[in-house]
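Going in written order, the chains are labelled A, B, C, D and E, and every chain counts its residues from 1.
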């Protein structure tokens, strides 16, 4: 193939013919802009330049080679070679399918994290800004057991969830319970939770460092194709676990005696106590469960997205959005709301740039609340 | 830990804080302040940067210090813009009569404090700012940086991509001045070279996950994927592999921010095989990294350690050359010691030359660092590295390219 | 006047037509036609869950009726927001009290006064504009507080009041508005009888001054004592209307609402009888248990 | 103890006297001695109340608004912090014991306000009433539904949407779910229709006949005094008068200050 | 340890730039949350639109400084109205999340590559403060006495800021003593009751939102002018959280609460930092690395916040009685 190199103004520099591999080289003695033209007549038969343009305008800098590329495609395939334009609609739907899946994937993790928040909010009225840190805690505990101790991630996760449950218990036993006893108001408690969040987050930073880490297993697992979707086995199993936990907890709250007692405590602790419910015990159960569930959410997040000391904090806004959207204080509300948040984040990227993906989800949150001020599953209170 | 604590008789002897004396006079002791992230979203960059400065100060003091006195250093936290404590840290440094401040990592943080620092006649020297604003900013000639030259790096990387025969390229860039600056340059070079940028995604590094971003790239099925970012790239790679864009089917390219020998080792063997990355600096980073590990054995990431190290050395040399530790005096000499003279590669050898009355040209670990009038590096060397089966890159680069940054 | 539900009154202040409110399958309110006489005290009675409070909510704009319309002083009021209803002169109290907890009792009272120039943003910044009006409001509030036996609590937070005191504050605060029609939802439930009695005197005074009163109450002594007219609701609908005495001897009302021991307080013998009944029932129960 | 109005000699009801209390309280099921309690630091609402109730007795407490009646019940039931004084149940000191512990000792309580769980259904509300004895739920549920048939139809309705009177029924029913041996009722008849008020008073008597000790706070003072064995008049956190129900009801001073003459008219 | 430095930086922090702009933000929050009971977690958005309004007007559009201030104020009012219309009907907890969401949307848009030409992406904008310093009455030099010393620029910013704080406090004081303030506080307690007394609750809430937004947005100006630049990330949720912390520290619904709270907050941050750095450098804390001072400081701040609220839940100026009423 013949290639003509000229300066920007058209002054000829050299003509070369490419070698068998299709490469060529032109020495030049001055940096600057050049024009490189490929003589299409010299192309092999049945071949064409991708995109059709046979001119390139590279800038050459002192001391460095500059490469130009004439990508060739079989003639006639030129149109099809640009699937981004021609085959647009099927690619669009494939992406939409993938994004829907990702929406559920993310939504379920949010839901799991939101469940813990919602439970604790429900029973104690505490808007826990440290909940993100509980999520991080679970992930880091599992890391601790998994990497330095070398235990496989599955038993490590089990241990971490149990530990986190224990820590949840301890947190209420030694901290929040005491505050309740002193009659700390819910606003004051909310600010305290900001303090707890700061404390825990920076403790993590000191102990764990600022870098991103990953578990020893299932890292960068290859995806498998399921129809239009590609997913990793770990995703699918995680989603199964998440859904199971969510449904079990949701039903337990509605059906079991302790679950009902938890809702009673949420409504009116003094009356619950008057009915013979040990309020502190119920709250401790909720903290234990909430801590454990948050930890599980953290581990799931860590499995799919690696670990960092701010991982929970970065999810917190989405968690709040999920809880609120569903209706504060209901378990299934947290599930529905979170999945909607997850779906909107992902699917909105079909139209908005991914850097603004949270904008779409948050805007939907605002819109929904405009029409249903009590959230999707929440109920209006009667007046009077 | 590490030996960093030993060499820190930090406060100047004559510390009586008299407000009347402008800091510009100098007090005979060169005091380096650092304003680097101990907290915030760039906290992972803090340890290597601090270690770089520590290493330099250690070497300088072992070589007899500057102007016959040990160099002092004061470390402060720049946080990130969300917490806004940088300005308090600067107050603190100025109160302690720092003559030059090394920092910040984030361009945004630097912007919030540059007026304050340069207003006090102190050198503001960033190892990591890449925003092009600083080229034109009103800095009274006191702002410098050794940060990776993204124009040259972008050109080298872009050319590499074209040379590898990739006709379609997708760019996944972290959304800040570093990422977008580099991405713009890569995109331009790639397009000039005849390949097509089929997708460009700017992502928020704080996002919980990157599934949608990768899905967008996947839809265009590019031959090459350029990953521009920091350590969150590990998450991006997870997602690439998951969505069926592995390195053996699509070529991945990385940049200095994420070409790492520690971040990806836990991934399955061969995940990064054949991936190429560019890192500024002529020498293999390996030796330097060993020295850093003596300073801080916990280091896992080495980003900007060379730049920080060079910054400290250059300031010390400039002070020595100016025979003064005053900020303005140092600033006046910084360009001179960085270029045009006898080449030398570390503080002891350079200072020898200076003492012998020679003109020097310091070539650092991060590259040849020659300052132009704006205080930006003018020349740089970029190494191109390739990952092996063990998800690590070898000490030896495939190729080094040196060039003028502006072209 | 005839006693059928929905009779026309000579000078009605409030006229209600076909107000319906459903909650799911339950029709809480379904009032065909009702008129409230100006300058009189009208009682609204009916079993629990008859829809009295819900009816109040519709009329005062706190809830939206499914259908229906009503006029106050000849002005159509459906769809009018709550605060405009109140400004028009129709003020209600709440059955489950709404004390403004972290305001003092006095501030609660002052809030009720209408037309305060200091409530507009710009005038609020200039105290001399509203100072004298504030003084006048305060003295009126103090008068009412004394009458409602809340003067000792004047400077306390309303949140620290007892259940009965809250009821009193709720009513006193509504009177601060100087409404044309005041709608009281069980104002005296939980208020001690001696005080109730003195307050009834006050309400009668207000009637003399031309105020109209519509109130819900389960205390028949009180209803009999002060009301000029009684409206009976059951299952959302108005089932009877009339002067207190006639209503209270109405079989249907006794059946649905008053029960057997409604009229005078129990005599000794009645009490004995009641005890006996109770005992018998109990024994029967015990018998049954044994089986 | 402070002085009370001078008219002691004429009144049939006795002005409270500590000696009487100590004598009467010897075999009491539940007794309070010199209770001092309050909500806000430094402000005492109860100023040394004494009260006792013997086994199987029905006690009425009346008094003006804000006298501390509800506070007294709450203090006995562990819902207000007692600053000094003691509460004794069947010889056991239960001062400041938690409410749920008292429930397991057979005490039941119906609060004056906020007495239902608004987001639970009626049925769940009642289930919470039987929290410590779930096995009995079915049987007791049938029993309370007979008392208040309205509840059975609505068992799936959320208590938060109920009318004032309906809530009161739920509150009463919830306390009856446990079959308590001592029952504290705070204005159980408030907000109920006359017919149901009757029912409440009759039921109270019936339950009492079956051996349950009852302490009842009422503003429907006449009715209350008619059925109770003994009554206390509370004023400013102290017992002003005590006596049998009939004594109190006919005491001119009590009538003037607390009962009013309305009902007689 | 160098006590002189620690002390002087600490005293400086008590009146410094951070303190003043956080105080202004907190004064706004105090109006929203302390007095009206609006859980506005989007205060940072008010600061952001003001700062960016000024910056974009001056840099992108090239208009004079004073027009920039006007645009910033107008943007804050507009934001309050836009935010208020959908949210003021919501229950407090819902309002909180919606305002956080709105503030995040504002921030994400300001930092996006998509709108980089207007807002400058993640690096923000600079070079708009000249008009402000042009009217600086202080000649060049150093002002103040030990341990406070400021250059003429800082002096000018601080003078203006403290004047704004004084005016804001006066406004808050006058308003909250007035019947207007009574309505506002009553809304905090129970909207329905206020409605039943004939007050237009929505309108009052909107007035409160606008007032708090405008006073808060002054903090955005001060920040922008003092640093000479605006960045999107400074206007994230942390800023709002810290401002809330400041309000609670000082005592909610107290006129000087936010001002005192802001001083204490920054004094604590700087003092802890100074002490820790000093201690580490002089080898008192052998287990700690100097680079861990940053995180450790925030850890202590978290701890301090917890302890303060545990032992003085009403804040410095707050009224304990109010808390007891509100306890759940």
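Simple rule for what comes next: a residue touches a chain if its C-beta (ideal position, glycine included) is under 8 Å from a C-beta of that chain, and two chains touch if they have at least 3 such contacts.
Computed from a prediction, not measured in an experiment: that's the story for all the values here.
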Query = Quick check: more C-beta contact pairs in A-D or C-E?
reply = C-E
Key: Chain located farthest away, centre of chain D as origin (C-alpha)   = B
Remark   = Taking the mean of all protein C-alpha atoms as the centre, the chain whose own C-alpha mean lies closest is E
Remark   = Cα centroid separation, chain B vs chain C, in Å, comes to 75
Note = Cα centroid separation, chain A vs chain C, in Å, comes to 55
Ask   = Between chain A and chain B, what is the gap in Å from one C-alpha centre to the other?
value = 29
Query = In angstrom, rounded to a whole number, how far apart do the mean CA points of chain B and chain E lie?
reply = 33
Note = Listed in rising order, chain B residues that touch 2 or more other chains are 37, 39, 43, 46-47, 175, 202, 204
Note = Residue ranges of chain A touching at least 2 other chains are 202, 205, 353, 355, 358, 383-384
Query = Multi-chain contacts in chain D: which residues touch at least two other chains?
reply = 39-40, 161
Inquiry  = Going by the contact rule set out above, which residues of chain A touch chain E in the complex?
reply    = 125, 127, 129, 178-179, 182-189, 191-192, 194-203, 205-206, 269, 317, 320-321, 323-324, 328, 353, 355-356, 358-359, 362-363, 365-366, 369-370, 373-375, 383-384
Message = List the residues on chain D that touch chain A in their complex, please.
response = 77-79, 98-100, 103-104, 109, 111, 114-120, 124, 127-129, 131-132, 134, 158, 160-161, 174, 178
Message = Under the definition above, what is the set of chain C residues touching chain A in their complex?
response = 53-54, 56-57, 62-63, 94-96, 185
Query = Where on chain A does chain C make contact in their complex?
reply = 383-384
Ask   = Which part of chain E faces chain A closely enough to touch in the complex?
value = 86-87, 89-91, 93-94, 96-98, 100-102, 104-105, 108-109, 112-114, 192, 237, 241, 244-245, 248, 252, 292, 295-296, 298-299, 301-306, 309-310, 313, 323-324, 326-328
